[in-house]
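So that we are looking at the same thing, I have put the structure below in structure tokens.
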Amino acid sequence: MSSTNRFVTETTFYVRYAETDAMRIVHHSSYVVWFEEARSDYTRQRGEDYANFERQGLYLAVTEVNARYLKPAIYGQRITIRTWIETLQSRGMTFAYEVLNTDTRETHVTGYTKHICIDGQGAVKRIPEAWKKVGRERVKITQLRQKKQHYNG
Amino acid sequence: MSSTNRFVTETTFYVRYAETDAMRIVHHSSYVVWFEEARSDYTRQRGEDYANFERQGLYLAVTEVNARYLKPAIYGQRITIRTWIETLQSRGMTFAYEVLNTDTRETHVTGYTKHICIDGQGAVKRIPEAWKKVGRERVKITQLRQKKQHYNG
Amino acid sequence: MSSTNRFVTETTFYVRYAETDAMRIVHHSSYVVWFEEARSDYTRQRGEDYANFERQGLYLAVTEVNARYLKPAIYGQRITIRTWIETLQSRGMTFAYEVLNTDTRETHVTGYTKHICIDGQGAVKRIPEAWKKVGRERVKITQLRQKKQHYNG
Amino acid sequence: MSSTNRFVTETTFYVRYAETDAMRIVHHSSYVVWFEEARSDYTRQRGEDYANFERQGLYLAVTEVNARYLKPAIYGQRITIRTWIETLQSRGMTFAYEVLNTDTRETHVTGYTKHICIDGQGAVKRIPEAWKKVGRERVKITQLRQKKQHYNG
């Protein structure tokens, strides 16, 4: 999975104690919650807040989650999640994630989530144009990214 | 807090690994989730399923939670929650809980939750008669409880 | 993914209210927690309680999670998870899951989790023989399963 | 509960979608998790990181949680938690919290948590001097707070 030539957001926060488990590491389900928060933040950084999306009566329902666990994170450390749109179709999209140790930049987890656009009755809908622009503006976005000094592997 | 002369349900389940934290014990917020599941089960055992309550457009919103932690529970053990209605008003009610080790009957946590009856717009409503009966039928219920061999401290 | 000719456990419970989200359905991360509880229950049903496994100083660390979401589950319904061991290596294993509506037998979610056996210092270890037997006893297990009237698709 | 003349930290973050429930509001157990993150942040802001506390083999075990729910928070909004030490004893302490809407400053929830200092074996211990200073430096801290323009009700 490559994030080349795409807009990549970074979301940084501390591990919460409640997110750990009896192995003294972050519980593996916490990363799935973090993926979701990372894509919420992606939409906020892009100016297309997902909360507004829902106010229009549309939802990006999750159809698949995948996470690969490379190195455990622990309480007391900071997490940075790099998030980008991997693919964009007319009715669905795939977000990809790298969960890093903020300080060492080591990768804890990589993953992706697949989504389909539905309305409140569960009917599949086209993704609105304003949202599709998010996936198209690669060059412009790349420039924006460079200004923000985001790493782009 | 006394449960004398009231209907007391028991709800039993295993601790989930995700409910533990880095102290190798059950995270204190998990008991709040368990209280909720215990009162869901209370309504199922009483024949007044809370899911049906919501289908009528009513909700028992939580207005207060209190939990006292006496002895930590751990992964691998079974939990039994004793649940009863402590007080019942026209528009609100209080549930009380004892969280026990199923095998040793030691108390892990005691607590209560206060609730107010609201509709979908948040307006305060009277609790329906069918639900209020739950709090009144003490003697009959006590007999039922004795048949079920529930302890009644 | 096929569960033919393998031991398949079934674990049944009610959806908890805390497991839902603002789409009024079960949050997608809840299924990851349920997978874990389903494999805990698998080990209990097989007589090889995972809690005992940890008491020996061994852990089955999660290296990958995958979940495909077919149909949302909601509060008030019962869930049955069918769980089996998909593959078993000397140092790792894969569990597979089908999350069903207990009453209609519709499939909500399918998924798998991959695991590696480690000790408390994170060193990779061989899975103990007692545990490996779990994956081998297929025919005997199938018979056991039929007695329990588990469906085997 | 008054926060007059005490050091008060503010911790701000977005509501996560996973923290909501089928009432379309933040689930009441989420605030208990937020309390914990708020007091973690309190210790970081005071230069006495709780993660370091645990590295010394000490824990602030939770002995009581109380939360009063005044107004529901929803996905898409920002939360600010005001946190202070309400009481400090030789072996225990009480943290108090106000959970506010960051933009409107309305109060969603108020609460407190009581703690006891224990070691890894569960034996009750004195709180180290460095930590007790946190509760004593009121005047100096108040000045610090005023510089930071924290409200002090």
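For clarity, chains are labelled A, B, C and D in written order, and residue numbers in each chain start from 1.
Everything below uses one rule, namely that contacts are C-beta pairs under 8 Å (C-beta built on N, C-alpha and C of every residue); 3 or more make two chains touch, one makes a residue touch a chain.
None of the values given here were measured: they were computed from a predicted structure.
On a Cα centroid basis, the chain most remote from subunit C in this structure is D. Of the two chain pairs examined here, B-D and A-B, the one linked by more C-beta pairs in contact is B-D.
Between subunit B and subunit C, two chains of identical sequence, the interface residue sets overlap for the most part, with shared numbers making up over half of the total.
In whole angstrom, the spacing between the mean C-alpha positions of subunit B and subunit D is 27. Subunit A and subunit B have Cα centroids lying 37 Å from one another.
Taken residue by residue, subunit C touches two or more other chains at 17-18, 22, 29, 33, 36, 54, 75, whereas all remaining positions touch fewer. The touch graph of the protein chains shown is complete.
If you check the complex, the residues on subunit A that touch subunit B are 17-18, 20-22, 24-25, 27, 29, 74-75. Those residues of subunit B whose C-beta lies close enough to touch subunit D in the complex are 22-23, 28-29, 32-33, 36, 54, 59, 61-69, 72.
The touching residues of subunit C, counted against subunit B in their complex, run 13-14, 16-18, 33, 36-37, 40-41, 44, 49-52, 54, 75-76.
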